[in-house]
Amino acid sequence: MSDHTVSSSSSFQRPSGRTPGQLREVSLELGYTRYAEGSVLIRQGHTHVLCNASVLDQVPPFLKGQGSGWVTAEYGMLPRSTHTRSSREAARGKQSGRTQEIQRLIGRSLRAVFDLDTLGERTIQIDCDVLQADGGTRCASITGAWVAAALAVRGLVDNGVLARSPLLDHVAAVSVGLYQQHPVLDLDYVEDSGCGADINVVMTGAGQFVELQGTAEGQNFGRTDLNRALDLAEQGITQLVAMQKQALEQ
Amino acid sequence: MSDHTVSSSSSFQRPSGRTPGQLREVSLELGYTRYAEGSVLIRQGHTHVLCNASVLDQVPPFLKGQGSGWVTAEYGMLPRSTHTRSSREAARGKQSGRTQEIQRLIGRSLRAVFDLDTLGERTIQIDCDVLQADGGTRCASITGAWVAAALAVRGLVDNGVLARSPLLDHVAAVSVGLYQQHPVLDLDYVEDSGCGADINVVMTGAGQFVELQGTAEGQNFGRTDLNRALDLAEQGITQLVAMQKQALEQ
Amino acid sequence: MSDHTVSSSSSFQRPSGRTPGQLREVSLELGYTRYAEGSVLIRQGHTHVLCNASVLDQVPPFLKGQGSGWVTAEYGMLPRSTHTRSSREAARGKQSGRTQEIQRLIGRSLRAVFDLDTLGERTIQIDCDVLQADGGTRCASITGAWVAAALAVRGLVDNGVLARSPLLDHVAAVSVGLYQQHPVLDLDYVEDSGCGADINVVMTGAGQFVELQGTAEGQNFGRTDLNRALDLAEQGITQLVAMQKQALEQ
Amino acid sequence: MSDHTVSSSSSFQRPSGRTPGQLREVSLELGYTRYAEGSVLIRQGHTHVLCNASVLDQVPPFLKGQGSGWVTAEYGMLPRSTHTRSSREAARGKQSGRTQEIQRLIGRSLRAVFDLDTLGERTIQIDCDVLQADGGTRCASITGAWVAAALAVRGLVDNGVLARSPLLDHVAAVSVGLYQQHPVLDLDYVEDSGCGADINVVMTGAGQFVELQGTAEGQNFGRTDLNRALDLAEQGITQLVAMQKQALEQ
Amino acid sequence: MSDHTVSSSSSFQRPSGRTPGQLREVSLELGYTRYAEGSVLIRQGHTHVLCNASVLDQVPPFLKGQGSGWVTAEYGMLPRSTHTRSSREAARGKQSGRTQEIQRLIGRSLRAVFDLDTLGERTIQIDCDVLQADGGTRCASITGAWVAAALAVRGLVDNGVLARSPLLDHVAAVSVGLYQQHPVLDLDYVEDSGCGADINVVMTGAGQFVELQGTAEGQNFGRTDLNRALDLAEQGITQLVAMQKQALEQ
Amino acid sequence: MSDHTVSSSSSFQRPSGRTPGQLREVSLELGYTRYAEGSVLIRQGHTHVLCNASVLDQVPPFLKGQGSGWVTAEYGMLPRSTHTRSSREAARGKQSGRTQEIQRLIGRSLRAVFDLDTLGERTIQIDCDVLQADGGTRCASITGAWVAAALAVRGLVDNGVLARSPLLDHVAAVSVGLYQQHPVLDLDYVEDSGCGADINVVMTGAGQFVELQGTAEGQNFGRTDLNRALDLAEQGITQLVAMQKQALEQ
């Protein structure tokens, strides 16, 4: 991958040494596991998420018999994906509020670019499992999940199950933060911990918002801050969408 | 309450008959229950949320012995607060992902305007219970919860437990949506169901963002849409903060 | 409400200042919420319980296809309905034994005055949620739930869904206790805590027992005590049934 | 065991062939298991309950450091103790409302005859497990649990752990029902299913009520019915207490 | 029961005083409870397990409509079956890993000697409940469960539900251990605690292995040890199968 | 890796085309994730398991203050590690019996070669997460977990936390089966499904048994079969231990 840098005149220094608008190194490894209809390992810096898409011949009860399909996601972190070990959700007996929040977000983001009628009465079930976490796992999950879903969809079209793709557009996500008042793109864990505000942006290939989740963390922020941060996010997502395209073309 | 109308030249008609920038009728009934340190029933149109603030002489384990306090929230809907009955979360044995998402949001929003060191080693525990739901329950919960917390804090100051208030500012929330491409303020249930995008905005009295959660629902949205919606949200929150002030002064 | 006093020659003094056979002030506010088929807020002194009745077009599995209906109830206390905050059952992940005991009692009490065949294959689902608790919440729930159920039934008859009412009689409940050996009616929290025995009585409008639950609390009791307490309970329930009638006639 | 019959002039016939006031055959087998501090198998007709009392050197958190003891109980039915198999509560992952109701009742009944200060900071934990169920399991559990607890207490006194017994009196329980309007004592499963009302009575050796739980099942009942049923219950409990005494004297 | 001794020239002494190849006293009490289709109390020394077999007219979902039957088991220990009280699994809300491991083992062991097609679309559900535990409960459960299942099967054949028995062979189980390097048969609790290795062996009447579970506990073991232990196990199981036959012939 | 073949004169053909005593291709990738104190990805054919070892400065309650350490394991399969998607245990809210069985096995196997006193009051917590499953996941987990634990231990020694290694020996595991009566080593999923018996063998580097779990699946087996299978297992484990050594030496 050549150059994800966005030029910046600022003398201010990010902990990661990246320029404010610079993404981490991103790679998309297709076919990482053998059995899923679509399997992608996305690496964004030290954040590694395995995204598997399964095609299931069933839909949730509320959709039965309506000819429409469904796209949904589950998310998990391996206990030792992080700097210190977290307890295993399966052993604790429930998913945390954070986990549920993230998997609902991934599902909504994917559905925003799916024509569920064209998909027909089947479910694309996405599993995003974080093997290694260095910040930005929810955004990396969305970017990777889209590629896994696209692979699964391609299989359905290639096998003649679907006459045409139900995918309407790309979707990708990135975080932006305010670090010492400066907007910065694609926070790693250290930067995230030090940021006054954290904004996760999910956009389509056409540059429309799908989701926008901004949280002040220690420092509330104004309209100007928001606008500068969204400018960076748009640039980052444009790059991520380009990488998704490139990965699928190989 | 006199007039929450914001003038609009649009010929377009909302289902509620309100102008695009018009809040629903809002009332804050203080002391709705007797035992909580702060108790407020907020009515925003047909959405009624009982917000109780309790002062607990303990903090979560991760804060023990650090001299700092905590503010947190729980949220629930009565099973028949809605048009059709939902199952009771206590009977099902777990809180839904939506419930957890909302109560985490309320907690973060309140903490954004609290000086936790000044609060000292105690917890302000907020309970937001929806008695009747007609859309916008999470935003009404935040607006009401702030008043309940302010009452609890006033008690601590009046009783000499705290030398000064740990409250740094107001916080209030409102939803904005894109209804047939038009930005509209404070969606009720019917409007919310018909909206292409739904944005919940949490702001301080000083007009800074605390949280911003935008979700495309059927229709992705661009920067211009976002900006017009945020303009309405700012106006609405300014009115809500004024009502909070007025309620506490009585 | 005029006068709930039952004369007493005793010089003994209740903590509440009421005479031994005097009910607390009771009010029944119909239509407290908009969406339930029957909605009643019962206030009995400082005990406030919201009773909502929902009509569901389904019955439990064991009744399917038998033409018979069902009446059942769920009960909950808001976390800060009490003097000190209790943990939220939905967050803890299960209903306490006490909660289950009470909701089973409410369900049995209502079914005792319902002709389930006349109700047909549908369920009247009662939700009793305690907004404020000052003793006697299970009894107030039953008295209020009957009114909520009666409103729901009235709707079914008025809409022509049912040819005639499946309600066979009123049902209401009250507690009696032995306070310093004296039988007293309708205990509030302070009286309940100081009582040597606590008896909850559920009776029909015809004055028959539906449920009788007496528990010695610190002081076992004999047949004479029981009989004097039941005399008071009968008088109290006669008054409560009269209030139910009056409320429905308005 | 010689004769539990209470004479009756009625020409009416119980399904069991017993006279209205006749208990089922009762036996108390002490030391049924080897490890518990008190172990009793109570057989009341075909109802067999294993009651084990354990002495634990701890008390619940709310009693810590107060020098007072605790008595509590748990109850369970083996899945195939009944005519048809019930699911195993441990496998379902929770105790039913009925189970919790019963074990709370057993605990309260025992505590009514215990001087918890004399017991000191330890817990008598009762386990009542139904090996075979033919009606009346909760009452048989209480009658048997008292004997198990008495054995455990005797051990504490014999070993010099306690200077004197914390047991203030006997406690025993029996059911009475209204079968075709006639009061009958000690219902078996067939009789219970056919009864219009079911009253469980818990009394001390001194003939005082500890608990009284009457439930109309299909037929509400009046004061006269109640009084006739309580007369039978008193007679039955007198016999059960005599058997408890006899069993401990052997 | 005459003599289960297997001669041994060793001067080494077991804690139990038994010879290395000597089983504990074993008894099989048929019809221990009245309602189960097959009910057996197996006593092996101080280990007592109640094994009930229920015939259910249903099969698990994965077998529906295939004409094949199922055999499965559940296992539990009464809280005070052991030297010190264990917590009740139903109260804790889940079965331990050990419990699940054992009940899966019992089910597999029984299925190994069942012709499920001959059984037809019904389930033999085994419940093994340990009333008293002194080591070897899983093995005693298997040995007893086979007899309970055989009784249930006999009933199905006697009633003409089945034309012939689906039982292909006996199955029984026993533990062997290495105690101070010596192989010993049928460990009780004290011996088990002191053993360097614990091997549970499940065999058919024909002397074939069904399950073999060896665990080093403090001392790893070699092929020679294994072979000497298996020799003892074979001898023990031969005796247990003979007792099963004798019990069914009475 | 050169050659794991064990010569075989049999004309019989395995589905995998391997000789009866031939292991699948095995690789051990050390440092697969960055944060764990020991991290290994073991690939055994298409079975891929990520084994992470964490060093925790705490021990379970039963070991507190005794100066001894603990080694334990948790196991999980990613939902789409298999041919068809399995439900996520964290979402279902509990670990299956199979999962618990396996993680208990891994823990016991590791502890068999650890001197827990030398480890001191800390825990080596192993997480085995199956990324891709083609049979033999529990055995691969053990073989990989030992290497992860060895890396973690090496760190403790290198950092001077431990004066010497608490590891007493290697431990590794492999499955053997009876395929059409022939013993075969290291079953893949297709072979496992077709096998009449499945035996998992865990051995030390010194060739002693740690665990032996044989299960007849459709076909019971005799002593001769067992012995031939164990011969293969020993050869396989000798190879696996050599690979562990080689991996650590690099």
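Chains here go by letter, A, B, C, D, E and F, matching the order in which they are written, and residues are numbered from 1 within each.
Definition applied: a contact is a pair of C-beta atoms (placed from the backbone, for glycine too) under 8 Å apart; a residue touches a chain by one contact, two chains touch by 3 or more.
Owing to the predicted nature of the structure, the values given are computational and were not obtained by experimental measurement.
Asker: Sort the other chains by how far their Cα centres are from that of subunit D and give me the top one.
Answerer: Between subunit D and every other chain, the largest centroid distance is to A.
Asker: Please tell me the distance, in whole Å, between the geometric centres of subunit B and subunit E computed from their C-alpha atoms.
Answerer: 61
Asker: Between subunit D and subunit F, what distance separates the C-alpha centroids? Give it in angstrom.
Answerer: Roughly 52 Å separates the two chain centres.
Asker: Any idea how many Å lie between the Cα centroids of subunit A and subunit F?
Answerer: Between these chains, centre-to-centre, one finds 34 Å.
Asker: What are the residue numbers in subunit A that touch two or more other chains?
Answerer: Answer for subunit A, listing residues that touch two or more other chains: 93-94.
Asker: For the protein chains shown, what form does their contact graph take: line, ring, star, complete or other?
Answerer: ring
Asker: Name the ring's chains in order, please, starting from subunit B and stepping to subunit C first.
Answerer: B, C, D, E, F, A
Asker: Going by the contact rule set out above, which residues of subunit E touch subunit D in the complex?
Answerer: Within the complex, subunit E contacts subunit D at residues 33-36, 39, 46, 48, 50, 52, 54, 56, 74, 76, 78-85, 88-91, 93-95, 99, 125, 127, 129, 131-132.
Asker: In the complex, go through subunit F and note every residue touching subunit E.
Answerer: That would be residues 94, 97-98, 100-101, 103-104, 108, 112, 197, 199, 204, 206-216, 220-223, 226, 230 of subunit F.
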